[in-house]
Amino acid sequence: MVAAFDFVPAIVLLPFVSFLIALFAGKYMPKGGALAGIAATAGSLLLSIWVAISLLGVSGERIHQETIYTWATGIGDQPWELTFGVLIDPLSALMLIIVTLIATLVHVFSLGYMNDEGETGLPRYYAGLGLFTASMLGFVVADNLLMAFMFFELVGLCSFLLIGFWFRRDGPPSAAKKAFLVTRFGDYFFLIGVVAVFATFGTAQFAGPESFPVLAEQAVAGDTSVVNTTFGLEPTQWFTIVGLLVLGGVVGKSAQFPLHTWLPDAMQGPTPVSALIHAATMVAAGVYLVARMYGFYAVSPTALAIIAFIGGFTALFAATMGVVKREIKQVLAYSTISQYGYMMLALGAGSYVAATFHLMTHAFFKALLFLGAGAVIIAMHHNENMWDMGGLKDKMPVTYATFLAGSLALAGIFPFSGFWSKDEILYEAFIYGLNDPLLLGGWVMGLLAVPITAFYTFRMVFLTFHGEPRSETARNPHGFGWNVKGPLSVLGVLAVVAGFINMVPVQKLTGIELDFLTQYLDSGGEGLTYSGYNALLAEYGGYEAGVVGTEVTTLLIAAGLSLGLAVTGLLVAFKLYNVPEPVEHTAKLGQVKDVLYNNYYQDEFQVWIAHRTQSVAAVADKFDQGVIDGVVNGVSSVSLFGGRRMRKLQTGLVTNYAALLTLGLTALLLAFGLLGGWFV
Amino acid sequence: MVPPEYYLLLSAAVFCIGLFGVLTRKNALYFLMSVELMLNAANINLIAFSLFWGNMTGQTFALFVIALAAAEVAIGIGIILVLYRNFGTVSVTDATTMRW
Amino acid sequence: MIIEALIAFTFAAALLVFAVPNKYAGKVAFGLSLVPVIGSLYMWSLFESGGNALTGGDIAFETIIPWVEIAGIQVQWFVGVDGISLPLVVLTTFLTSLAIVSAWTPIKERQSQFYGLMLFMEANLLGVFMALDFFLWFIFWEAVLVPMYFLIGVWGGPRRKYAAIKFFVYTNVASLVMFIGFMALVFGLNVETFGLPEITQALANDQLGTWFGIAPDTLKLIAFLALFVGFAVKVPVVPVHTWLPDAHVEAPTPVSVMLAGVLLKMGTYALLRFNFTMLPEQASLLAVPIAIIAVVSVIYGAMLALAQTDLKRIVAYSSVSSMGYVILGLIAFTEFGVGGATFQMVAHGLISGLMFMSVGVIYNATHTRIVSDMSGLADRMPVAVGILIAGAFAYMGLPLMAGFAGEFFIFAGSFGSTFLPYAPIFTALAMFGIVIVAGYLLLAMQKTLFGEYRLETDYEVTAAPLHDVAPMAVLLLAIIALGVAPWVFLDMIFDAVAPILANGGGL
Amino acid sequence: MDPTVVTTAALQSQLPEWTALGPVIVLGLTGLLLLTIDAIWPKRNANTTYAIVSAAGAIIALGITVWYLVAGTGQETHGGAITLFSEAIVVDGMALFFTAIFTSVAALVIVASHDYLKGHENSAEFYSLLMFATTGMALMAVSNSLVTVFVSLEMASLPSYALVGFLKKDRGSVEASLKYFLIGALSSAVFLFGISLIYAVTGSLLLTEISAQFADGGVAGFAGVAGIGVLMIAGGFAYKTASVPFHFWAPEAYEGAPAPVSAFLSSASKAAGFVVAFRVFAEAFMPLLEVTPAIDWALAFAVLAVLTMVVGNFAAATQENVKRMLAYSSIGHAGYALIGLAALTAGGPHNGDVMGAAMAHLLIYGFMNTGAFLFIAMVEYWGVGRTFEDYAGLSQKAPLACVAMAVFMFSLAGLPVFGGFFSKYALFASAVSAGFWWLAAVGAVTSALSLYYYSRVVKAIWIEEPNGNLDVIESKPTGLYAAIIFAAVATVLLLPGFPIALETAEAAASALFA
């Protein structure tokens, strides 16, 4: 029988093959290799769906783990095995579908965005997309931390290549460099974490009886013989440190504070790439990683609390910056940062399902919004300034409708998909936060971000589509074909309906089983299930759900609060910007405006650090040339000086020679005679 | 019989006189003569101790030395001659084209 | 006999190339250099790993012929390979061939002498990696310097004379220090030959006696320090690195390739063979200072690279940085640390070779290496620039390329080291190098390769010729192959490294 | 044993004892023959004839010497040293070893001089002086009495003075000759006075008797006289070997003399000084190291060795004139060879090793240093100039000779690639085993410095661009070329062939201490 799991490597390899085809044969192919990419990603999508369904099968495996390739093996009694393998469980299967789906749609959209716009260098573009997809898929199926890290880095490389696609301009290469460098800074900590995991556990497997989360649990439970902690730390303390180190990579890739600065700059890349980065690949990788090794974090509550706090803070912090942006993609960029903050909050709050859920819904509506923005940009002849737009809804109805669906989802308006997932996050954060102040802080910040999100989202919608056209191009927008509308429609539908797969509040209220996603995620193998994580959290993390009144009232309070705030934000935006001639209201913010425009001076701060580093480097260079090399040259100078002195002995006067000769002999005679006692 | 120490003192004195000449005289010929003195100081020793030890080795050697001294002077004079032709002087301190 | 055949053939090839007319020298030299490549691959195919040559393991292709007895100690022709030296032998032959091809464009005069010296150097390098008698090894070790001196001095840049003399005298003085240190050890040991296995095993059996009133432990310490200083110059590590940037900047491209690719590895190879195999206790005693040197080399070297404006200087200083990792791996004294360090020698050899070739190709086209003189080169030479970017990422430690494998093994090995106190701290500090390396390489790439095309020349810059790009592509393939399948070397390296670790008193 | 060796050994053992002096006799007769030819056929341009005759003489002498060495004449294996003329002459391994050095150097210098002397008057005198000087040196090697030592030393010196001043219209040559002669005369007076004092103390001039006298009666009561005598004799040797502070003549003499003569003096004459010093001190004065109060001449040589290594190498480092640099370098090398005396100890087990290493070094030094000076001779022949700048880019005109020069320079510096490294190493290593690690240390440090100035020459000829003065080079002198190449080949081959040289030398030296 042909099992779906046999084809898991093919899911990764198909886009990789399309990368090779586009790179080496792209210029000889129609559409610059796009068709190969579409075929490959679509093929991967089909395989992914097959794999995901196989997991549901009654008799089939619930989890599939297989070592495919041994990269390096140690020696000795318990050698380290550095391997590549696949781990398919509901989480990764879900992620595979998300990634391949978005990738396929992005490929199709690119036909409209890149090919039809007459871009050059298309083989390079499609090669980049293929490799990007392949790397992300490799990361998703990784069955150990090292493999995950390796594909994580490859994702970083691809983002560099694609963000810097328009390398002949000044902006994109700079943004690409920044993206790679900032995430590299996070990956530095991640790599320490990987190394520490190996040093501590001797393995980096995610799943199985010998996996490091299992060993960590055993160590925390008291069996410290299975791990080597460092500096004589208690296992819990050490695991917290390791967890935070790995978190460094997550913070970098998922653009969490303070390493979020690369993401807005990354808008310099082509818009379909932004969609891919934000919805399915690079940024999602960070959150996915935490979910993937959730069993490990579950035993270190301190790390979780920090994750939650960072997430909540980022959600609020990024949302405030999104309020004042002029470019449509900038707004979306900050919204991405903010939304991933929610996911981190969810993970920190112990609600693994909520995070995954939001990851999924966000993937759909954010891809939709970016592709929609891309369509607007095509229409606007690559002018991204919202103040030059206005009134586009009549000229491009499909775009408007889908964009609106996505916006409603983003703002968390009932019953769009974003509402369900965001609401679940806030609810979980709330109930667990009742017993944990740090978590509660995260919840408060997450809640505060809700109206702001709704506000900036609809500010964007109104400015772009409503009112009167504010420029010539907005009056006569550029047209586009099916390859743009198609993906928008698919995603538009998903943005509306995706939330229905996990209507936990409805279930709680009505008792009907509507938590399909929760059940699916709970169906994985041992140690990788939702309920398993909850047990760990309860046992080692002291996570205990609190209630206000009854469970139902708690639920209603939480949901009502978030929905109410979202609607408030929406209404404010409606009031201010849904007018024929909207004006900027930023002046009302006073001093705060400048701070927000300048992103809290975070970029300046990082540039300052970069410049200081360069100054230090310059000083080091001076030191090296002057002092260290100076000593080297000094030694030779001193020797040569000695040589010149020595030469002067030879005066050229033969009588001097005779005298020196006599003197030398006399000195020798006297020294030896007196010391040797010859004359006694 | 004269004690051997006296011969040693005499020869040492002659040697030192020769050495003094070598160190102070600039004229090449004086230099040569001074060296002759030093050689003869050695001869004094050789002959005196030949007597002291009662063998002929020293005396024979002294004859060899006298012959060699003559040969040395011969070649020395030759060199001083070409020195005079090239530098127009027989002073040993004038030829200093090479130094350091 | 295959080793003798390999070395003798390479010497003969060098002589032959000296006699070939300049016009054909490059091609002939390349053709001849393929024979050692095939020979080394043949050796690899026959090789069966069996422990470390020095600690009593099997020695493949072994030959011992007595030569001369000096001061009671026998000098021999004693050659052989084990899992540590074979990868380096393959690296040497492989890189020499590619370096010869990369010389076709830049070397325009006295070609036959140039290629002859390259092959002469190759022969001696092979000798360095395969000699197992200290004296023989030392002769090859020093003989490498002579062709290098000429290659830098004759075909180098404007300050080539200063650079050549500095390189030559500096490294020779270092060799002398090392030589004296080792001799002190040998004389104290009362061994009968200079065979490295015999010396190693005698040391392991505590045969060292008091020598000139110096107690054995003190003597070992002195020897360790002298050896370390001697090899540190060659590696080079901070603060004895200053000859390297000068030498690299002045050397022509193929010579830089050899210098960074193979010559620096002599230092780390020797550190492994001598300091860490023979004197593990002293290494343990000095672990912290050595680790500090390693970390400082990594960070300081990277900072210096950041401050440079000359592309070649950037790559040169980054070698200092990369070699710091190797030292860290060695001092970690774990299987992955030492094995990874050995692997990194090969990996860095390939990657730095690729980087120098890329910079050379750019220089061929632009006649400048100053970062601020150019921008947007990707527009004019897409293939060469593409490979350069790939090489730069390999240098930054991109996974599935050789550099990552080497660095990861080192980090993984050193983090949990019990041999080195505070190992996690040192490892974490050294690892910061991967951020700085990304910083300066990306910055340099952004300025030179991207943006609007700008270069003041009176001619049109066009894509690089095939024979410039081909060796780069081959190197890139090798880097990726090693990154994907590091086990091809790692298994034999581990096999040879394990006895060393066992020798370290079970540490 | 090799059958041919057996037969030649058998043949040699049937010869009468006086034939042991064969090399000396052949050399002396060749000199006389040259004078005779010149007297009978006083042709102005018979340069080639004289060169062939004298080269033949030197090579025959070399051949005989090597034959004797191989056959074992005067060596342990064949009945020990052969003594002649009431023990005033002794032929043993050491004598033959050094005679081989002298005759090889002489042969090389003669072949090279053929080109150098083209167009010179009085070439017969040149060759005969050279042959007589070589004869004197060969005699020094076999001297076993202070009388023969002094006479042969003078016999080697007097022709040398004339050879240095051979270019009698050249101010440099004349000045060099004058300085060489004056210092030489002074030194020989000091030397002779020392001999007379030893005679005063022991009543004998035969080395073996002096040794016996000291061993029996010690020096109690006349240590002062004996000590002064020993140090003065040491001074005489120091002059001959150009050791500090008796070296002052050397830079000028080597610089001013015709380059082939410089080659001859700095290689052969220096070696001659060493052979006689080795024999006198090892045979006659060994007991003085043990008597009370001690006359520690080994320490005195150690002081001289250190001074010589330091002064020679440091002064060489900053020279502008290549020939003068080489002159100083040859002083430095005298310092290394002095270790062969300085590291001797009374009854020390390593004495043979130490002295043997010094002998091996002098052999290799003979080739590499002669070759280097002959390269200078070739440059002088071309008239290119004398400074490092003048040498710039020579390799473009004469690549093969420049390869040879690079070999000489690196070998002199002690780079392991060539013979010079092994001999230096053997010297230092044996000094260390004899307990004199500090001598080896000074040697090692100064030889590190020497690399700097030797590589300057290589840099000049190979790396620098020619600055336009090389157009004067028209021809390639065959004889000079051949001599240089031969010396280079010998230098290279003495790396693999070093065991032969070292073992022979150590056997010869050990025989002295037996």
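Details
Order as written gives the chain letters A, B, C and D; numbering starts at 1 within each chain.
The criterion applied here is as follows: a residue touches a chain if its C-beta (ideal position, glycine included) is under 8 Å from a C-beta of that chain, and two chains touch if they have at least 3 such contacts.
Just so it is clear, the structure is predicted and the values come from calculations on it, not from any experiment.
Legend note: the chain whose CA centroid lies nearest the centroid of all displayed protein CA atoms is C.
Taking A-C and A-D together, the chain pair joined by more C-beta contacts is A-C. Centroids of chain A and chain C (each the mean of its C-alpha atoms) stand 37 Å apart. Once the centre of each chain is set as its mean CA position, chain A and chain D turn out to be 78 Å apart. The distance from the centre of chain A to the centre of chain B, each centre being the mean of the chain's C-alpha atoms, comes to 98 Å. For this pair, chain B with chain C, the centres built from the Cα atoms lie 65 Å apart. Contacts with at least two other chains are made by residues 22, 92, 95-99 of chain B.
Among the residues of chain D, those touching two or more other chains are numbered 178-179, 182, 186, 190, 251-252, 452. Multi-chain contact residues of chain A, defined as those touching 2 or more other chains: 636, 647, 650, 652, 654, 658. The set of touching chain pairs reads A-B, A-C, A-D, B-D, C-D, using the touch definition from the header. Interface residues of chain D facing chain B in the complex, by the touch rule stated above, are 146-147, 150-151, 154, 158, 161-162, 165, 168-172, 174-179, 181-182, 185-186, 188-190, 192-193, 195-197, 199-200, 203-205, 225, 251-252, 255-256, 324. Residues 70-76, 80, 146, 149-151, 153-154, 157, 164, 167-170, 172-174, 176-177, 180-181, 184-185, 188, 191-192, 194-196, 198-200, 228, 230-231, 610, 613-614, 616-618, 620-621, 624, 628-629, 632, 636 of chain A touch chain C in their complex.
Every residue of chain D that touches chain C in the complex is listed here, in rising order: 350, 353, 357, 399, 410, 415-417, 421-422, 425-426, 429-430, 432-433, 435, 437, 441, 444, 447-448, 451-452, 455-456, 458-459, 462-464, 495-496, 498-499, 502-503. Chain C contributes residues 67-73, 113, 138-139, 141-143, 145-146, 149-150, 153-154, 160-161, 164-165, 168-169, 172-173, 176, 179-180, 183, 187, 212 to its touches with chain D in the complex. Taken together, the chain B residues at the contact with chain D in this complex read 4, 8, 11, 15, 18, 22, 28, 31-32, 35, 38-39, 41-46, 48-49, 52-53, 55, 57-58, 60-61, 64-65, 68, 71-72, 75-76, 78-80, 82-83, 85-87, 92, 95-99.
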